[in-house]
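Some notes on the structure that comes next.
Chain nomenclature is as follows: A, B, C, D, E and F, assigned in order of appearance, with residue numbering initiated at 1 for each chain independently.
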(Lines give C-alpha, C1' and ligand atoms only; values in the text may rest on other atoms or scores of the structure.)
Protein backbone atom coordinates (compact mmCIF):
# COMPACT_ATOMS: atom_id res chain seq x y z
CA UNK A 1 0.00 0.00 0.00
CA UNK A 2 1.58 3.16 -1.15
CA UNK A 3 0.51 5.26 1.83
CA UNK A 4 2.79 3.19 4.00
CA UNK A 5 5.74 4.63 2.21
CA UNK A 6 7.14 1.41 0.87
CA UNK A 7 8.15 0.65 -2.68
CA UNK A 8 11.38 1.83 -4.21
CA UNK A 9 14.31 -0.35 -5.38
CA UNK A 10 14.97 -0.77 -9.09
CA UNK A 11 13.94 -3.41 -11.67
CA UNK A 12 12.37 -6.25 -9.71
CA UNK A 13 12.07 -9.70 -11.26
CA UNK A 14 8.74 -11.22 -12.31
CA UNK A 15 8.67 -13.43 -9.23
CA UNK A 16 9.31 -10.44 -6.98
CA UNK A 17 6.58 -8.40 -8.66
CA UNK A 18 4.07 -11.20 -8.30
CA UNK A 19 5.05 -11.78 -4.68
CA UNK A 20 4.65 -8.07 -4.01
CA UNK A 21 1.22 -8.03 -5.65
CA UNK A 22 0.25 -11.05 -3.59
CA UNK A 23 1.47 -9.42 -0.40
CA UNK A 24 -0.44 -6.24 -1.26
CA UNK A 25 -3.60 -8.28 -1.83
CA UNK A 26 -3.11 -10.08 1.47
CA UNK A 27 -2.61 -6.85 3.31
CA UNK A 28 -5.71 -5.27 1.79
CA UNK A 29 -7.74 -8.37 2.64
CA UNK A 30 -6.43 -8.31 6.19
CA UNK A 31 -7.23 -4.61 6.49
CA UNK A 32 -10.77 -5.23 5.24
CA UNK A 33 -11.26 -8.05 7.73
CA UNK A 34 -10.13 -5.86 10.61
CA UNK A 35 -12.31 -2.98 9.47
CA UNK A 36 -15.28 -5.35 9.12
CA UNK A 37 -14.74 -6.61 12.59
CA UNK A 38 -14.44 -3.18 14.17
CA UNK A 39 -17.25 -1.49 12.24
CA UNK A 40 -19.68 -4.37 12.79
CA UNK A 41 -19.01 -4.22 16.54
CA UNK A 42 -19.44 -0.45 16.59
CA UNK A 43 -22.50 -0.17 14.32
CA UNK A 44 -24.55 -3.38 14.43
CA UNK A 45 -26.26 -4.27 17.73
CA UNK A 46 -26.16 -8.06 18.22
CA UNK A 47 -29.88 -8.52 18.83
CA UNK A 48 -31.01 -8.81 15.20
CA UNK A 49 -34.55 -7.43 15.44
CA UNK A 50 -34.61 -7.38 11.65
CA UNK A 51 -32.59 -8.85 8.79
CA UNK A 52 -32.17 -5.56 6.96
CA UNK A 53 -29.75 -2.78 7.74
CA UNK A 54 -31.72 0.22 8.97
CA UNK A 55 -30.85 3.80 8.07
CA UNK A 56 -28.88 4.46 11.25
CA UNK A 57 -26.80 1.30 10.89
CA UNK A 58 -26.06 2.02 7.22
CA UNK A 59 -24.88 5.55 7.88
CA UNK A 60 -22.81 4.37 10.83
CA UNK A 61 -21.08 1.77 8.62
CA UNK A 62 -20.29 4.38 5.95
CA UNK A 63 -18.80 6.78 8.46
CA UNK A 64 -16.95 3.97 10.20
CA UNK A 65 -15.18 3.01 6.96
CA UNK A 66 -14.24 6.64 6.28
CA UNK A 67 -12.88 7.04 9.80
CA UNK A 68 -10.97 3.77 9.62
CA UNK A 69 -9.13 5.00 6.53
CA UNK A 70 -8.46 8.37 8.12
CA UNK A 71 -7.01 6.73 11.23
CA UNK A 72 -4.91 4.50 8.99
CA UNK A 73 -3.42 7.53 7.27
CA UNK A 74 -2.78 9.34 10.56
CA UNK A 75 -1.05 6.36 12.13
CA UNK A 76 1.04 5.90 9.01
CA UNK A 77 2.10 9.57 9.05
CA UNK A 78 2.92 9.47 12.74
CA UNK A 79 5.10 6.39 12.31
CA UNK A 80 6.89 7.91 9.34
CA UNK A 81 7.61 11.05 11.35
CA UNK A 82 8.95 8.99 14.22
CA UNK A 83 11.09 6.93 11.89
CA UNK A 84 12.42 10.08 10.22
CA UNK A 85 13.28 11.73 13.55
CA UNK A 86 14.92 8.56 14.80
CA UNK A 87 16.67 8.10 11.49
CA UNK A 88 16.01 4.40 11.33
CA UNK A 89 13.64 1.50 11.86
CA UNK A 90 11.22 1.79 14.76
CA UNK A 91 10.50 -1.15 17.01
CA UNK A 92 12.79 -3.88 18.16
CA UNK A 93 13.19 -7.58 17.73
CA UNK A 94 9.60 -8.18 18.82
CA UNK A 95 7.03 -6.17 17.00
CA UNK A 96 3.57 -7.63 17.62
CA UNK A 97 0.88 -5.59 19.32
CA UNK A 98 -1.62 -8.36 19.84
CA UNK A 99 -5.21 -7.64 19.01
CA UNK B 1 -17.47 -30.64 4.04
CA UNK B 2 -20.25 -32.07 2.05
CA UNK B 3 -23.03 -30.13 3.77
CA UNK B 4 -21.65 -26.97 2.21
CA UNK B 5 -22.70 -28.23 -1.17
CA UNK B 6 -19.25 -28.23 -2.77
CA UNK B 7 -17.64 -31.03 -4.66
CA UNK B 8 -18.44 -31.89 -8.24
CA UNK B 9 -16.05 -31.69 -11.23
CA UNK B 10 -14.74 -34.90 -12.80
CA UNK B 11 -11.56 -36.97 -12.32
CA UNK B 12 -9.26 -34.90 -10.11
CA UNK B 13 -5.52 -35.60 -10.07
CA UNK B 14 -3.73 -37.09 -7.07
CA UNK B 15 -2.36 -33.69 -6.07
CA UNK B 16 -5.83 -32.17 -6.24
CA UNK B 17 -7.34 -34.97 -4.18
CA UNK B 18 -4.65 -34.61 -1.51
CA UNK B 19 -5.01 -30.83 -1.48
CA UNK B 20 -8.78 -31.22 -1.10
CA UNK B 21 -8.33 -33.68 1.77
CA UNK B 22 -5.89 -31.29 3.41
CA UNK B 23 -8.30 -28.39 2.99
CA UNK B 24 -11.11 -30.47 4.45
CA UNK B 25 -8.94 -31.36 7.45
CA UNK B 26 -8.01 -27.71 7.92
CA UNK B 27 -11.62 -26.63 7.77
CA UNK B 28 -12.71 -29.25 10.29
CA UNK B 29 -9.87 -28.23 12.62
CA UNK B 30 -10.83 -24.58 12.25
CA UNK B 31 -14.47 -25.41 12.95
CA UNK B 32 -13.50 -27.34 16.07
CA UNK B 33 -11.36 -24.46 17.30
CA UNK B 34 -14.21 -22.00 16.84
CA UNK B 35 -16.69 -24.33 18.52
CA UNK B 36 -14.25 -24.84 21.41
CA UNK B 37 -13.89 -21.15 21.84
CA UNK B 38 -17.62 -20.44 21.79
CA UNK B 39 -18.73 -23.37 23.93
CA UNK B 40 -16.04 -22.79 26.54
CA UNK B 41 -17.12 -19.15 26.86
CA UNK B 42 -20.78 -20.12 27.10
CA UNK B 43 -20.44 -23.10 29.45
CA UNK B 44 -17.33 -22.76 31.62
CA UNK B 45 -17.24 -19.91 34.15
CA UNK B 46 -13.68 -18.51 34.36
CA UNK B 47 -13.34 -18.79 38.13
CA UNK B 48 -12.16 -22.41 38.31
CA UNK B 49 -13.50 -23.45 41.71
CA UNK B 50 -12.62 -27.01 40.80
CA UNK B 51 -10.53 -28.80 38.20
CA UNK B 52 -13.28 -31.20 37.18
CA UNK B 53 -16.21 -30.51 34.91
CA UNK B 54 -19.38 -30.60 36.97
CA UNK B 55 -22.65 -32.07 35.72
CA UNK B 56 -24.09 -28.73 34.58
CA UNK B 57 -20.97 -27.79 32.64
CA UNK B 58 -20.78 -31.20 30.97
CA UNK B 59 -24.39 -31.11 29.83
CA UNK B 60 -23.99 -27.54 28.65
CA UNK B 61 -20.96 -28.53 26.53
CA UNK B 62 -22.84 -31.46 24.97
CA UNK B 63 -25.80 -29.29 24.04
CA UNK B 64 -23.54 -26.52 22.84
CA UNK B 65 -21.85 -28.85 20.35
CA UNK B 66 -25.22 -30.11 19.10
CA UNK B 67 -26.48 -26.55 18.66
CA UNK B 68 -23.31 -25.44 16.92
CA UNK B 69 -23.76 -28.16 14.31
CA UNK B 70 -27.44 -27.32 13.91
CA UNK B 71 -26.64 -23.63 13.38
CA UNK B 72 -23.97 -24.65 10.89
CA UNK B 73 -26.51 -26.63 8.86
CA UNK B 74 -29.07 -23.80 9.00
CA UNK B 75 -26.59 -21.17 7.87
CA UNK B 76 -25.42 -23.44 5.07
CA UNK B 77 -29.01 -24.02 3.90
CA UNK B 78 -29.82 -20.33 4.03
CA UNK B 79 -26.77 -19.42 1.97
CA UNK B 80 -27.56 -22.12 -0.60
CA UNK B 81 -31.11 -20.80 -0.92
CA UNK B 82 -29.83 -17.28 -1.39
CA UNK B 83 -27.31 -18.41 -3.95
CA UNK B 84 -30.00 -20.38 -5.81
CA UNK B 85 -32.40 -17.44 -5.86
CA UNK B 86 -29.65 -15.09 -7.01
CA UNK B 87 -28.44 -17.63 -9.52
CA UNK B 88 -24.79 -17.08 -8.70
CA UNK B 89 -22.10 -16.51 -6.13
CA UNK B 90 -23.05 -14.48 -3.07
CA UNK B 91 -20.72 -11.85 -1.67
CA UNK B 92 -18.42 -9.47 -3.43
CA UNK B 93 -14.72 -8.85 -3.80
CA UNK B 94 -14.27 -8.70 -0.03
CA UNK B 95 -15.74 -11.55 1.88
CA UNK B 96 -14.42 -11.50 5.44
CA UNK B 97 -16.74 -11.09 8.39
CA UNK B 98 -14.12 -10.58 11.03
CA UNK B 99 -14.43 -12.53 14.21
CA UNK C 1 11.61 -24.06 23.45
CA UNK C 2 13.48 -26.32 25.72
CA UNK C 3 11.19 -25.88 28.72
CA UNK C 4 8.50 -27.75 26.81
CA UNK C 5 10.59 -30.86 27.03
CA UNK C 6 11.00 -31.40 23.29
CA UNK C 7 14.20 -32.02 21.41
CA UNK C 8 15.97 -35.31 21.40
CA UNK C 9 16.51 -37.62 18.36
CA UNK C 10 19.99 -37.96 16.87
CA UNK C 11 21.80 -36.21 13.99
CA UNK C 12 19.19 -34.10 12.23
CA UNK C 13 19.79 -32.92 8.65
CA UNK C 14 20.45 -29.29 7.76
CA UNK C 15 16.90 -28.83 6.50
CA UNK C 16 15.52 -30.27 9.72
CA UNK C 17 17.72 -28.06 11.86
CA UNK C 18 16.67 -24.96 9.93
CA UNK C 19 13.01 -25.95 10.07
CA UNK C 20 13.33 -26.46 13.81
CA UNK C 21 14.98 -23.05 14.25
CA UNK C 22 12.22 -21.50 12.18
CA UNK C 23 9.55 -23.22 14.25
CA UNK C 24 11.22 -22.09 17.44
CA UNK C 25 11.31 -18.51 16.16
CA UNK C 26 7.64 -18.70 15.19
CA UNK C 27 6.69 -20.04 18.57
CA UNK C 28 8.62 -17.35 20.41
CA UNK C 29 7.02 -14.67 18.21
CA UNK C 30 3.58 -16.15 18.86
CA UNK C 31 4.26 -16.24 22.58
CA UNK C 32 5.37 -12.62 22.55
CA UNK C 33 2.24 -11.60 20.66
CA UNK C 34 0.01 -13.34 23.17
CA UNK C 35 1.89 -11.88 26.11
CA UNK C 36 1.65 -8.41 24.52
CA UNK C 37 -2.04 -8.79 24.10
CA UNK C 38 -2.67 -9.99 27.63
CA UNK C 39 -0.34 -7.58 29.41
CA UNK C 40 -1.57 -4.58 27.45
CA UNK C 41 -5.15 -5.42 28.38
CA UNK C 42 -4.24 -5.92 32.02
CA UNK C 43 -1.93 -2.92 32.46
CA UNK C 44 -2.82 -0.15 29.98
CA UNK C 45 -6.22 1.55 30.40
CA UNK C 46 -7.68 2.32 26.94
CA UNK C 47 -8.33 6.01 27.58
CA UNK C 48 -4.88 7.35 26.67
CA UNK C 49 -4.70 10.43 28.87
CA UNK C 50 -1.03 10.65 27.97
CA UNK C 51 1.33 9.20 25.38
CA UNK C 52 3.95 8.12 27.91
CA UNK C 53 3.89 5.07 30.13
CA UNK C 54 3.49 6.20 33.70
CA UNK C 55 5.25 4.53 36.63
CA UNK C 56 2.32 2.30 37.55
CA UNK C 57 1.85 1.07 34.01
CA UNK C 58 5.57 0.37 33.57
CA UNK C 59 5.81 -1.65 36.76
CA UNK C 60 2.63 -3.52 35.89
CA UNK C 61 4.08 -4.47 32.47
CA UNK C 62 7.32 -5.72 34.04
CA UNK C 63 5.49 -7.87 36.57
CA UNK C 64 3.06 -9.07 33.93
CA UNK C 65 5.91 -10.41 31.78
CA UNK C 66 7.48 -12.15 34.76
CA UNK C 67 4.16 -13.74 35.70
CA UNK C 68 3.46 -14.81 32.12
CA UNK C 69 6.74 -16.71 32.05
CA UNK C 70 6.07 -18.25 35.43
CA UNK C 71 2.62 -19.42 34.33
CA UNK C 72 4.17 -20.81 31.17
CA UNK C 73 6.61 -22.89 33.21
CA UNK C 74 3.88 -24.10 35.57
CA UNK C 75 1.56 -25.15 32.75
CA UNK C 76 4.44 -26.91 31.02
CA UNK C 77 5.33 -28.81 34.22
CA UNK C 78 1.72 -29.79 34.85
CA UNK C 79 1.32 -31.14 31.33
CA UNK C 80 4.57 -33.07 31.56
CA UNK C 81 3.42 -34.63 34.83
CA UNK C 82 0.10 -35.58 33.29
CA UNK C 83 1.81 -37.03 30.26
CA UNK C 84 4.19 -38.99 32.45
CA UNK C 85 1.39 -40.40 34.62
CA UNK C 86 -0.64 -41.31 31.55
CA UNK C 87 2.44 -42.73 29.84
CA UNK C 88 1.64 -41.11 26.54
CA UNK C 89 0.43 -38.12 24.59
CA UNK C 90 -2.28 -36.04 26.19
CA UNK C 91 -5.18 -34.72 24.19
CA UNK C 92 -7.11 -36.32 21.39
CA UNK C 93 -7.65 -35.84 17.70
CA UNK C 94 -8.78 -32.29 18.27
CA UNK C 95 -6.52 -30.19 20.34
CA UNK C 96 -7.37 -26.52 19.94
CA UNK C 97 -8.48 -24.48 22.91
CA UNK C 98 -9.68 -21.42 21.05
CA UNK C 99 -8.55 -18.04 22.19
CA UNK D 1 0.76 -3.69 -9.05
CA UNK D 2 0.21 -1.57 -12.16
CA UNK D 3 3.53 -2.77 -13.52
CA UNK D 4 2.55 -6.43 -13.99
CA UNK D 5 2.74 -7.52 -17.65
CA UNK D 6 0.28 -9.90 -19.31
CA UNK D 7 2.10 -13.06 -18.24
CA UNK D 8 2.50 -11.87 -14.70
CA UNK D 9 -1.15 -10.88 -14.54
CA UNK D 10 -2.16 -14.37 -15.65
CA UNK D 11 0.00 -15.95 -12.96
CA UNK D 12 -1.34 -13.56 -10.35
CA UNK D 13 -4.93 -14.34 -11.38
CA UNK D 14 -4.22 -18.04 -10.85
CA UNK D 15 -2.91 -17.33 -7.36
CA UNK D 16 -5.99 -15.26 -6.57
CA UNK D 17 -8.26 -18.04 -7.75
CA UNK D 18 -6.58 -20.52 -5.42
CA UNK D 19 -7.16 -18.08 -2.58
CA UNK D 20 -10.84 -17.56 -3.28
CA UNK D 21 -12.11 -20.86 -1.92
CA UNK D 22 -10.07 -20.35 1.25
CA UNK D 23 -11.40 -16.81 1.69
CA UNK D 24 -14.95 -18.02 1.17
CA UNK D 25 -14.44 -20.70 3.81
CA UNK D 26 -13.13 -18.17 6.30
CA UNK D 27 -16.06 -15.87 5.56
CA UNK D 28 -18.48 -18.72 6.08
CA UNK D 29 -16.88 -19.83 9.34
CA UNK D 30 -16.84 -16.29 10.69
CA UNK D 31 -20.52 -15.97 9.82
CA UNK D 32 -21.46 -19.19 11.64
CA UNK D 33 -19.42 -18.23 14.67
CA UNK D 34 -20.83 -14.71 14.90
CA UNK D 35 -24.45 -15.81 14.58
CA UNK D 36 -23.94 -18.69 16.99
CA UNK D 37 -22.27 -16.44 19.56
CA UNK D 38 -24.92 -13.74 19.29
CA UNK D 39 -28.05 -15.91 19.03
CA UNK D 40 -27.50 -19.12 21.00
CA UNK D 41 -27.52 -18.59 24.73
CA UNK D 42 -29.97 -21.11 26.11
CA UNK D 43 -28.56 -24.52 26.95
CA UNK D 44 -31.58 -26.02 28.71
CA UNK D 45 -32.22 -27.98 25.51
CA UNK D 46 -30.04 -29.46 22.77
CA UNK D 47 -32.32 -28.25 19.97
CA UNK D 48 -32.23 -24.76 18.52
CA UNK D 49 -35.48 -22.99 19.51
CA UNK D 50 -37.63 -21.18 16.95
CA UNK D 51 -36.69 -17.88 18.56
CA UNK D 52 -33.01 -18.71 18.18
CA UNK D 53 -33.59 -19.87 14.62
CA UNK D 54 -35.18 -16.54 13.70
CA UNK D 55 -32.26 -14.73 15.28
CA UNK D 56 -29.72 -16.80 13.31
CA UNK D 57 -31.59 -16.23 10.06
CA UNK D 58 -31.68 -12.46 10.56
CA UNK D 59 -28.07 -12.47 11.68
CA UNK D 60 -26.98 -14.18 8.46
CA UNK D 61 -29.09 -11.80 6.42
CA UNK D 62 -27.82 -8.70 8.16
CA UNK D 63 -24.21 -9.86 8.22
CA UNK D 64 -24.18 -10.43 4.47
CA UNK D 65 -25.71 -7.01 3.86
CA UNK D 66 -23.23 -5.45 6.25
CA UNK D 67 -20.34 -7.13 4.48
CA UNK D 68 -21.64 -6.03 1.08
CA UNK D 69 -21.98 -2.41 2.18
CA UNK D 70 -18.59 -2.39 3.88
CA UNK D 71 -17.04 -3.91 0.75
CA UNK D 72 -18.48 -1.14 -1.43
CA UNK D 73 -17.32 1.66 0.85
CA UNK D 74 -13.95 0.04 1.32
CA UNK D 75 -13.45 -0.24 -2.44
CA UNK D 76 -14.42 3.42 -2.90
CA UNK D 77 -12.09 4.63 -0.17
CA UNK D 78 -9.29 2.41 -1.40
CA UNK D 79 -9.77 3.74 -4.94
CA UNK D 80 -9.75 7.32 -3.68
CA UNK D 81 -6.63 6.72 -1.66
CA UNK D 82 -4.83 5.10 -4.58
CA UNK D 83 -5.58 8.19 -6.64
CA UNK D 84 -4.02 10.27 -3.92
CA UNK D 85 -7.04 12.42 -3.17
CA UNK D 86 -7.55 10.98 0.29
CA UNK D 87 -11.02 12.50 0.36
CA UNK D 88 -14.44 11.19 -0.55
CA UNK D 89 -17.53 13.31 -1.07
CA UNK D 90 -20.09 14.31 1.41
CA UNK D 91 -21.69 11.89 3.86
CA UNK E 1 -11.71 -37.95 1.05
CA UNK E 2 -12.92 -41.53 0.70
CA UNK E 3 -11.49 -41.63 -2.83
CA UNK E 4 -7.79 -41.47 -1.79
CA UNK E 5 -5.85 -44.56 -2.87
CA UNK E 6 -3.10 -46.16 -0.81
CA UNK E 7 -0.31 -43.93 -2.14
CA UNK E 8 -2.36 -40.81 -1.65
CA UNK E 9 -3.29 -41.87 1.85
CA UNK E 10 0.38 -42.33 2.70
CA UNK E 11 1.21 -38.86 1.41
CA UNK E 12 -1.73 -37.36 3.28
CA UNK E 13 -0.65 -39.07 6.49
CA UNK E 14 2.80 -37.49 6.13
CA UNK E 15 1.20 -34.06 5.77
CA UNK E 16 -0.93 -34.64 8.85
CA UNK E 17 2.10 -35.68 10.84
CA UNK E 18 3.89 -32.45 9.97
CA UNK E 19 0.83 -30.54 11.16
CA UNK E 20 0.55 -32.30 14.49
CA UNK E 21 3.45 -30.58 16.22
CA UNK E 22 2.14 -27.21 15.08
CA UNK E 23 -1.37 -28.01 16.30
CA UNK E 24 -0.02 -29.13 19.66
CA UNK E 25 1.93 -25.88 19.97
CA UNK E 26 -1.15 -23.82 19.24
CA UNK E 27 -3.15 -25.82 21.75
CA UNK E 28 -0.48 -25.29 24.38
CA UNK E 29 -0.22 -21.55 23.70
CA UNK E 30 -3.99 -21.14 23.85
CA UNK E 31 -4.03 -22.98 27.15
CA UNK E 32 -1.34 -20.77 28.68
CA UNK E 33 -3.05 -17.63 27.45
CA UNK E 34 -6.50 -18.63 28.68
CA UNK E 35 -5.30 -19.60 32.16
CA UNK E 36 -3.10 -16.53 32.43
CA UNK E 37 -5.94 -14.24 31.37
CA UNK E 38 -8.45 -15.82 33.72
CA UNK E 39 -6.24 -16.35 36.78
CA UNK E 40 -3.62 -13.59 36.92
CA UNK E 41 -5.05 -10.23 37.85
CA UNK E 42 -2.90 -8.99 40.68
CA UNK E 43 0.19 -7.01 39.72
CA UNK E 44 1.25 -5.80 43.14
CA UNK E 45 3.95 -8.48 43.06
CA UNK E 46 6.02 -10.12 40.34
CA UNK E 47 5.55 -13.61 41.74
CA UNK E 48 2.53 -15.81 41.12
CA UNK E 49 0.62 -16.14 44.42
CA UNK E 50 -0.48 -19.52 45.76
CA UNK E 51 -4.09 -18.57 45.08
CA UNK E 52 -3.23 -17.78 41.47
CA UNK E 53 -1.24 -20.98 41.18
CA UNK E 54 -4.23 -23.04 42.33
CA UNK E 55 -6.41 -21.24 39.81
CA UNK E 56 -3.96 -21.92 36.97
CA UNK E 57 -3.68 -25.58 37.91
CA UNK E 58 -7.46 -26.05 37.95
CA UNK E 59 -7.78 -24.04 34.74
CA UNK E 60 -5.34 -26.38 32.96
CA UNK E 61 -7.13 -29.40 34.36
CA UNK E 62 -10.58 -28.18 33.43
CA UNK E 63 -9.53 -26.92 30.01
CA UNK E 64 -8.06 -30.28 29.06
CA UNK E 65 -11.20 -32.06 30.23
CA UNK E 66 -13.34 -29.56 28.35
CA UNK E 67 -11.32 -30.06 25.20
CA UNK E 68 -11.53 -33.84 25.53
CA UNK E 69 -15.32 -33.77 25.97
CA UNK E 70 -15.81 -31.31 23.12
CA UNK E 71 -13.59 -33.46 20.90
CA UNK E 72 -15.71 -36.54 21.61
CA UNK E 73 -19.02 -34.78 20.94
CA UNK E 74 -17.60 -33.08 17.87
CA UNK E 75 -16.43 -36.40 16.43
CA UNK E 76 -19.85 -37.95 17.07
CA UNK E 77 -21.73 -35.09 15.46
CA UNK E 78 -19.32 -35.00 12.56
CA UNK E 79 -19.75 -38.74 12.06
CA UNK E 80 -23.53 -38.42 12.20
CA UNK E 81 -23.49 -35.57 9.71
CA UNK E 82 -21.23 -37.46 7.31
CA UNK E 83 -23.73 -40.32 7.37
CA UNK E 84 -26.42 -37.87 6.44
CA UNK E 85 -28.60 -38.42 9.50
CA UNK E 86 -27.98 -34.95 10.89
CA UNK E 87 -29.45 -36.10 14.20
CA UNK E 88 -27.95 -37.52 17.38
CA UNK E 89 -29.88 -39.32 20.06
CA UNK E 90 -31.35 -37.91 23.14
CA UNK E 91 -29.68 -35.46 25.48
CA UNK F 1 19.38 -23.52 17.65
CA UNK F 2 22.98 -23.24 18.85
CA UNK F 3 23.91 -26.16 16.62
CA UNK F 4 23.43 -24.34 13.28
CA UNK F 5 26.67 -24.09 11.28
CA UNK F 6 27.68 -21.05 9.22
CA UNK F 7 25.81 -22.13 6.09
CA UNK F 8 22.71 -22.97 8.02
CA UNK F 9 22.86 -19.67 9.86
CA UNK F 10 23.03 -17.82 6.56
CA UNK F 11 20.00 -19.66 5.24
CA UNK F 12 18.12 -19.05 8.47
CA UNK F 13 18.95 -15.34 8.32
CA UNK F 14 17.47 -15.17 4.82
CA UNK F 15 14.26 -16.79 6.10
CA UNK F 16 14.08 -14.32 8.96
CA UNK F 17 14.53 -11.41 6.59
CA UNK F 18 11.59 -12.55 4.48
CA UNK F 19 9.48 -12.71 7.63
CA UNK F 20 10.38 -9.24 8.82
CA UNK F 21 8.22 -7.30 6.38
CA UNK F 22 5.27 -9.52 7.19
CA UNK F 23 5.80 -9.11 10.92
CA UNK F 24 6.04 -5.35 10.53
CA UNK F 25 2.79 -5.32 8.57
CA UNK F 26 1.00 -7.32 11.27
CA UNK F 27 2.37 -5.01 13.93
CA UNK F 28 1.18 -1.98 11.99
CA UNK F 29 -2.30 -3.45 11.40
CA UNK F 30 -2.68 -4.38 15.04
CA UNK F 31 -1.69 -0.86 16.01
CA UNK F 32 -4.25 0.74 13.70
CA UNK F 33 -6.98 -1.60 14.88
CA UNK F 34 -6.26 -1.10 18.57
CA UNK F 35 -6.18 2.68 18.34
CA UNK F 36 -9.26 2.78 16.13
CA UNK F 37 -11.19 0.50 18.49
CA UNK F 38 -10.19 2.43 21.59
CA UNK F 39 -10.46 5.99 20.26
CA UNK F 40 -13.19 6.13 17.61
CA UNK F 41 -16.66 5.83 19.07
CA UNK F 42 -18.61 8.75 17.66
CA UNK F 43 -20.34 8.16 14.34
CA UNK F 44 -22.36 11.36 14.12
CA UNK F 45 -19.78 12.61 11.63
CA UNK F 46 -17.55 10.98 9.01
CA UNK F 47 -14.50 13.02 9.99
CA UNK F 48 -12.17 12.18 12.87
CA UNK F 49 -12.62 14.85 15.57
CA UNK F 50 -9.65 16.63 17.13
CA UNK F 51 -10.36 14.84 20.41
CA UNK F 52 -10.27 11.50 18.63
CA UNK F 53 -7.11 12.52 16.79
CA UNK F 54 -5.36 13.30 20.05
CA UNK F 55 -6.46 9.96 21.45
CA UNK F 56 -5.13 8.11 18.38
CA UNK F 57 -1.82 9.92 18.54
CA UNK F 58 -1.32 9.09 22.22
CA UNK F 59 -2.47 5.53 21.61
CA UNK F 60 0.20 5.05 18.92
CA UNK F 61 2.80 6.63 21.15
CA UNK F 62 1.90 4.58 24.20
CA UNK F 63 1.49 1.35 22.24
CA UNK F 64 4.97 1.64 20.75
CA UNK F 65 6.46 2.34 24.18
CA UNK F 66 4.52 -0.55 25.63
CA UNK F 67 5.76 -2.86 22.91
CA UNK F 68 9.34 -1.71 23.39
CA UNK F 69 9.21 -2.29 27.15
CA UNK F 70 7.53 -5.66 26.77
CA UNK F 71 10.13 -6.64 24.17
CA UNK F 72 12.98 -5.80 26.55
CA UNK F 73 11.48 -7.71 29.48
CA UNK F 74 10.56 -10.61 27.24
CA UNK F 75 14.10 -10.85 25.91
CA UNK F 76 15.52 -10.78 29.45
CA UNK F 77 13.16 -13.45 30.72
CA UNK F 78 13.74 -15.55 27.64
CA UNK F 79 17.48 -15.24 28.11
CA UNK F 80 17.21 -16.18 31.77
CA UNK F 81 15.05 -19.16 30.95
CA UNK F 82 17.43 -20.39 28.26
CA UNK F 83 20.24 -20.31 30.83
CA UNK F 84 18.14 -22.48 33.02
CA UNK F 85 17.94 -20.12 35.97
CA UNK F 86 14.24 -19.46 35.54
CA UNK F 87 14.58 -16.49 37.86
CA UNK F 88 15.17 -12.79 37.32
CA UNK F 89 16.29 -10.37 39.95
CA UNK F 90 14.28 -8.12 42.04
CA UNK F 91 11.30 -6.13 40.85
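The criterion applied here is as follows: contacts are C-beta pairs under 8 Å (C-beta built on N, C-alpha and C of every residue); 3 or more make two chains touch, one makes a residue touch a chain.
From a predicted model like this one, the values you see are computed outputs, not experimental measurements.
A.B. asks: Let me spell it out: compute each chain's centre from its C-alpha atoms, then which one is farthest from chain A's centre?
C.D. replies: It is E.
A.B. asks: Measuring centre to centre, with centres taken as mean CA positions, what chain is farthest from chain F?
C.D. replies: B
A.B. asks: Using Cα averages as centroids, what's the distance between chain D and chain E in whole Å?
C.D. replies: 27
A.B. asks: Taking each chain's centre as its mean C-alpha position, how far apart are chain A and chain D in Å?
C.D. replies: Averaging C-alpha atoms per chain gives centres 15 Å apart.
A.B. asks: So which stretches of chain B touch two or more other chains?
C.D. replies: Residues 29, 32, 34, 36-38, 40, 43, 59, 62-63, 66, 94, 96-99 of chain B touch two or more partner chains.
A.B. asks: If a residue has to touch 2 or more other chains to count, which residues of chain F qualify?
C.D. replies: 23, 39, 46, 57, 61, 63, 67, 70-71, 74, 91
A.B. asks: Enumerate the contact residues on chain B facing chain E in the complex.
C.D. replies: 2-3, 14, 17-18, 20-22, 24-25, 28-29, 32, 35-36, 39-40, 43-44, 46-53, 57-59, 61-63, 65-66, 69, 73
A.B. asks: Looking at the complex, which residues from chain F come into contact with chain C?
C.D. replies: 1, 3-4, 7-8, 11-12, 15-16, 19, 23, 38-39, 55, 57-59, 61-63, 65-67, 69-71, 73-74, 77-78, 81-82, 86, 88, 91
A.B. asks: Can you list the chain F residues touching chain A in their complex?
C.D. replies: Where chain F meets chain A, its residues are 21-37, 39-41, 43, 45-48, 52-53, 56-57, 60-61, 63-64, 67-68, 70-72, 74-75.
A.B. asks: Can you name the residues of chain C that touch chain E in the complex?
C.D. replies: For chain C paired with chain E, touching residues are 4, 23, 27, 30-31, 34, 37-38, 41-43, 59-60, 62-64, 66-68, 70-72, 74-76, 78-79, 82, 90-99.
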